[in-house]
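In the two complexes below, chain A is the common chain; its partner is chain B in one and chain C in the other.
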Partner chain A sequence: MLLFLRERISPLIAGTVASILALTALIIPIDTALLLGSISLKISPSIQFFGRSFSLSNADGSLLAVIYGLAALWFFGTEASGSANRFVSFGLMIVALLTASIAVEPFLFAALLLEMAAMLVIPLLIPPTQKPSRGVVRFLIYQTLAMPFILFSGWMLAGVEASPGDINTTVQAGTMLGLGFAFLLGVFPLYNWIPMITEDSPPYVVGFLLWALPTFIVVFALGFLDRYTWVRTSPQLSGAIQLAGIFMVASGGVFAALQRHIGRMMGYAAIAETGLLMLAMGMQSAEIVNVSFLLLIPRGLELAVWALALSIIKRKAPTLQFNEVQGLARSYPVATTAIILSHLSMTGFPLLAGFPPRLALWQELAGQSLPTSFWVFFGMLGLLFAATRTLAVFVMAGGNNVWKLSESWVQMTMLGLGMIGLFILGMFPQVLQPFLINLPALFNHLGQ
Partner chain B sequence: MLIFVSCLLLFLTSLALIGLRLTQPTARFAWLVAVGGAMLAFASVFVWLAQMPFEFVLPSWQPGVLFSSRVSFRADGLSWPLALSIAALTLTMLLTAVARPIIANSYTWTGALALGGIGILAVTADNPLTLLLVWAALDFTELAAHLLAVEGVSNNEKVVTSFAMRALGSGILLWGNIVSIAQGSAFNFHSMPANSGLYLVAAAGLRLGVFPLHLPYSSESSLRRGFGTSLRLISAVSTLILLAHVPAGNSASLTPFLLAFAAVAGLYGGWMWLRAPDELTGRPYWVIGLAALSITSALSGNPLGAVAWGCALILVGGSLFLASVQQVWLNRALLIGAWSLSALPFSLTAGAWLGNLGFFLPLVIAAQALLVAGFIRHALRPSGRDTLDSQAGWTRTVYPAGIILLIACQILLGFIGWDGALQVGAWLPAIIASLLTVGLVWATPRFRILNPIRAHWVKGSASSRMDEFYGSLWAIYRMFRRISQAVNLTLEGESGIMWTLLFLIIFISIMTQGLP
Partner chain C sequence: MIIEIVSWIAVGLILVTSTAMLISRDWRISLAALALQYVAAFWLVTRHLPFVMASAKLITGWMVVAALGMTRLGLSSAEDTDEESSLLNGGWFRVILMCIVALVAAAVTARIEAVIPGLGLQVIAGSLLLIGAGVVHLGVTSDILRVVVGLLTLLTGFEVIYAAVESSILVAGLLSVISLGLGLVGSYLLLAGSSSPETENGA
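== the complex of A and B ==
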């Protein structure tokens, strides 16, 4: 229905719906009758759909609140970004499918739902009347290749659980599982579609994709770790996850530092951030869930602010190359500040949202391996170099350029709120605690 | 809580100035608002003495299991004199603004007040986490104030370079703490392992604000003298406090090397300061010289000395750099700064050489003498300064009051308020340094080698060397960029998927070799 509404109304409706769903998830318990006067309200814990069961427990409430809260942020920003109507309608469908992926039983079917969500992103990534770019095609290929690997690995892992001594099956299952998630998350060296689409496709849509898919895939991966003891306790798999994470953080940082395209920089920063998530999942620690979600929530805000600001800049400088955005800080001060702050946040700059989770991760990693911490530090330095280069290009204006505001009030308000959010999460990360406190209950074995 | 009150007074005044600028850009009382806020903040720092030592701790970060440190500030005998110096400098900067060519509510006043507040938070930071957060706030404030104030491509580039250097310094402190945690220590100043000392010195070196050497101001701009002074000096002191917190015994194996490095830096800074054509051109060397002396004191196990040099950096340096007007009696009053720098009994720096300096003592005495001699030369040679004759009557009272305030604070801190007050100190090295200073002052006009070097010569030589350095860095960067472009073209081209799968197979092969 949102497809047919006016562009100014549909983001408001989608944002409001997502906010209401977030509040509902936070306030109303699942499978508990709530008396409102004479009316009794109860959210059923599961529904059947085409023979599959979709189940949610009370512990899922915080997770859903976080997801729909961040989705609301994205939808409210749609108008400011100038994205078309279909973003909110497809966006809602994508979030719904991804939410279904964490609720579906048997949980292996999540791979199918993730694939469907990936397919729904395609119309958003391709501007109308244009052929799909190479990056979009590659994204679809990799996401599609992931599905059979995940399904096979799930089937094989059941065998491994039954006969844990069978080394061959164990190795095959581990390899299949690793490949499946490598394709899904865009793990080194399978991430080259990310910089490609950040260069060709609308930044706001790409930002949404880089937030939504990895978030749910991480939740899905944590589910795997939680369910299969062998996966959780295997030092080889943990080592492989960490090695891939190191490659992603370090290469993401280095490649970002060597870019001259501010869109591609966002892509590489997202890659480095995914690397941090992998390092968190590969930790031999009881704090995997806390650290992972501490990384995931600011990521949503950082990418939303960054992508929105890029969308605004892209109208003035369509290629987003350095030579086109030079000196833009004087005419687009709010958008350029938003880009720099989100970028710095992703480098773990103190006072910004990305700092507390990186500090927590570093403290955990330092206790396990100093070289791993060093490579993370190296990757973050690469991102910092990229941020300062971008800043230098933005402020490189001649003497006759005067300061002026070219952004609209809506854009300034959305970006301003986003930037305030970055500072609040950076100074007071405890505001996330009401959401984080129940999340370990989703994964019974990981926190032990 | 009192720490918070002092800072809040400065921040609120800063916000009030922004409000006034937006609503009443021509309001003549903006200066009064600024000075009133700074004065209240200055007075509030004295109130700390009634409760010292005390802490101000913010609610802990959650989940608590992941964040062992809390954001906390502490007022004690080490942090109070620095906080007082910063508050005094901020007030003086505003009081002396009346003698500048343009006096109007500008972002530089707002920036200076905010900088003062953040500076006080920095010197009272009680652990590295707090210091990192305050440093970041300082960096953002500086960046915003500079970008709003400077013009031209080259100047903007310098601002970003300065920001990047400071950010790198913060990064090195963070890395030092990661190393500390890896070795089983906590994330605080007092339990850092031996090899963290090097990281702290490197972090301090990058954050002292001496790189790039000259900030982006035109040589005669009022911004360079007023806001530039606050910026340079508060940045430096907010860094030096890091070293004052580190007990020397913690980095015993590296101490001789670090002491040697600091002594050489002190000699270099002192020599360049003595020969600088004017005080503003020589300001980076003043910071290098006094920071080196401060580091030397800290490394010799004397944090009081480090704080004393930090106070001297602000109070003595501030009085000289903010003095933009020619007045004979005021120029002579500035010479009290030489007493403050002398380390003689009951002076501000009396406790400076109480640590164990060993055979580095002659070097640091020489560095101290060079700095004091340079200070005397610059104080007595106010060439190019304006006079107060053409100014309004009230400015002839307000302007000197600002300079006198800093001089009074120098004298005051020699006697009350902190752990380094009322010290007889190491009087023998102080007397030797004083005699050497007298000798240098006498010799400066008589020996050519001690004569000031020409400004354009300093700038040309330094900038050409830096240009070469930057050029070589950019050449390396371009080489890496070409490599990355080749990799990207390969992986993102037509055959990209095949290359990617090949890499993946290699990766899996390597990983599976590790399996039993």
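== the complex of A and C ==
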């Protein structure tokens, strides 16, 4: 129905629906009857579908609240970004499929739902009037290749659990699992589609993709770590995850610093952030779950603000190259400030949303390996250098340019709220505590 | 015994259709080969799944072929020669690649059967051929129709072998939805950019 509504109405409806779902997940406990006057309300913990169940527990409530809360933010920003009407309808479908991937039992089947969600993103990435870019085709190929690897590795891991002494099966299962997640998350060097799509596709859609898919893939990966003892306890596998994370953080930072395209910079910053998530997942610590989710929540806000600001600027400077955005700080002060703040937040700049999770991760990493901490610092330095270059380009202008506000009031309101959110999460990270406190209960073994 | 023979014929059909898809420059031949390939895969899937579930896969495959074919038919003939020029186009090269895939499949099949008994030599061989052909296809082309055909081939190979280890209706259904989705996404990508913005707005 949302597809056929007017562009002004559909984002409001989708945003409101997502907000209501977030509040429902937060307030109403699952599998507990609530009495509202004479009405008894109870959310069933599971539904059966073709012989398999989709189950949610009370611990999932906080996660769903965070996910739908962030999704609401994306949907409310749709109109300000000027994205097509179908973004909200496809977006709701994608979030619903990804939520189903958390709930499906056996959890291994989530790989199928992730693939379906990835396919739904394609029409958003390529408008009907645009030729498909190589990045989109690669994205489709990589996401499709991931699914067989993960499904098969899950089947093999069950065998490893039955006979842990079988080294051959263990190595094969580990390799398949690693390849599957490498394709899914876009691990070095399989992330080449990310900068390509940030250059060719609408920034707001790309930002949504870079938020939604990795968030659920990380939850899925944490499920693997939790479910299979061998995966959780293997020092080789955790070393491999950390090495991949280091490559992603360092290469993301370095490549971001070398870009002359502000869209590609967002792509490389997202790659570096995914590297941080991998480092968090590779930690031999009880804080895996807390640090991972501490990274995931600000990521949604940072990418939303960054992508919205890029969408606004893209109308004035379609290529988003440095030579086109030069001096835009004078005509688009709010959008350029939003880009710089979200970029700085992703570098872990103090007082911004990205700082507390990076500090927590650094603290854990420093206790385990100083070289790893150094490479994280190196990657963040690259991102900081890129932010400084972007800032210099934005404020570089001739004397004739006068300051003016070219953004609409809706755009300024959305960006303003986003920037305030970045500062709130940076200065008062404890506001996330009510959400984070229940998340370790999602996993039986991790973080216990 | 007859079932075994028919299964080996299905494996042979997979080899022939995969090679035809790889070397043919005509999209009609490629899609016809894909439709035939689904018949062979259907037979191999029936070795482990009930007939009804296997036939669902066959019908889905044919629907995908129909969707892709109808989309391609609607595009201008100028795009028939849209094949990339910088990549390797040699037919013999592709035949050699398929020979390598066939040799690898022949060498590995018995080993896999020894490690995971009960799958069946034909199922393993057919699956490996399809996966190998799909990977080769993806490696030598960037044409959208061919990429989608390569992905579908690879996915069919996976479905054949996964059917032997997982018989869940949900998985079979979701895999069919994914195949259908790939076909629809492929059709959308083929159509994208083929109409002008004015036409879109006018519509």
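The criterion applied here is as follows: the second predicted complex is superposed on the first by the 448 of 448 C-alpha atoms of A that agree within 3 Å, B and C clash if a C-alpha of one lies under 4 Å from a C-alpha of the other, contacts with A are read in each partner's own complex, and residues count from 1 in each chain.
Note that in this section contacts are C-beta pairs under 8 Å (C-beta built on N, C-alpha and C of every residue); 3 or more make two chains touch, one makes a residue touch a chain.
The structure displayed is predicted, hence computed values, not measured ones.
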| item | value |
| --- | --- |
| Joint occupancy of chain A by chain B and chain C, clash or fit | fit |
| First, second, both or neither for A:His445, with chain B first and chain C second | neither |
| Partner chain(s) touched by A:Asn290 [first = chain B, second = chain C, both, neither] | first |
| Which superposed partner A:Gly178 touches (first chain B, second chain C, both, neither) | first |
| Touch count on chain A, higher of chain B and chain C | B |
| Partner chain(s) touched by A:Met119 [first = chain B, second = chain C, both, neither] | second |
| Which superposed partner A:Arg8 touches (first chain B, second chain C, both, neither) | neither |
| First, second, both or neither for A:Leu140, with chain B first and chain C second | second |
| Touching partner for A:Val395 - first (chain B), second (chain C), both, neither | first |
| Shortest span in Å between Cα atoms of chain B and of chain C, once chain A is used as the common reference | 7 |
| Those residues of chain A which chain B touches in one complex and chain C touches in the other | 134, 141 |
| Chain B-touching residues of chain A, taken from the complex the two chains share | 134-135, 138, 141, 167, 171, 175, 178-179, 182, 188-190, 192, 195-196, 236, 239-240, 243-244, 254-255, 258, 287, 290-291, 294, 329, 349-352, 356, 359-360, 362-364, 366-367, 370, 373, 377, 380-381, 384-385, 388, 391-392, 395-399, 403, 427-430, 432-433, 436-437 |
| Complex contact set, residues of chain B against chain A | 59-63, 65-68, 129, 132-133, 135-137, 140, 147-148, 151-153, 156-157, 159-161, 163-164, 167-168, 170-171, 174-175, 178-179, 181-182, 187, 477, 480-481, 484-485, 488, 491-492, 496-497, 499-500, 503-504, 507-508, 511-512, 514-516 |
| Partner chain C, residues of chain A touching it in the complex | 49-52, 109, 112-113, 115-116, 119, 122-123, 126-132, 134, 136-137, 140-141, 144-145, 147-148, 151-152, 155, 169 |
| Touching residues on chain C, where the partner in the complex is chain A | 115, 138, 142, 144, 147, 151, 154-155, 158, 162, 165-166, 168-171, 173-175, 177-178, 181-182, 185, 188-189, 191-193, 195-197, 200 |
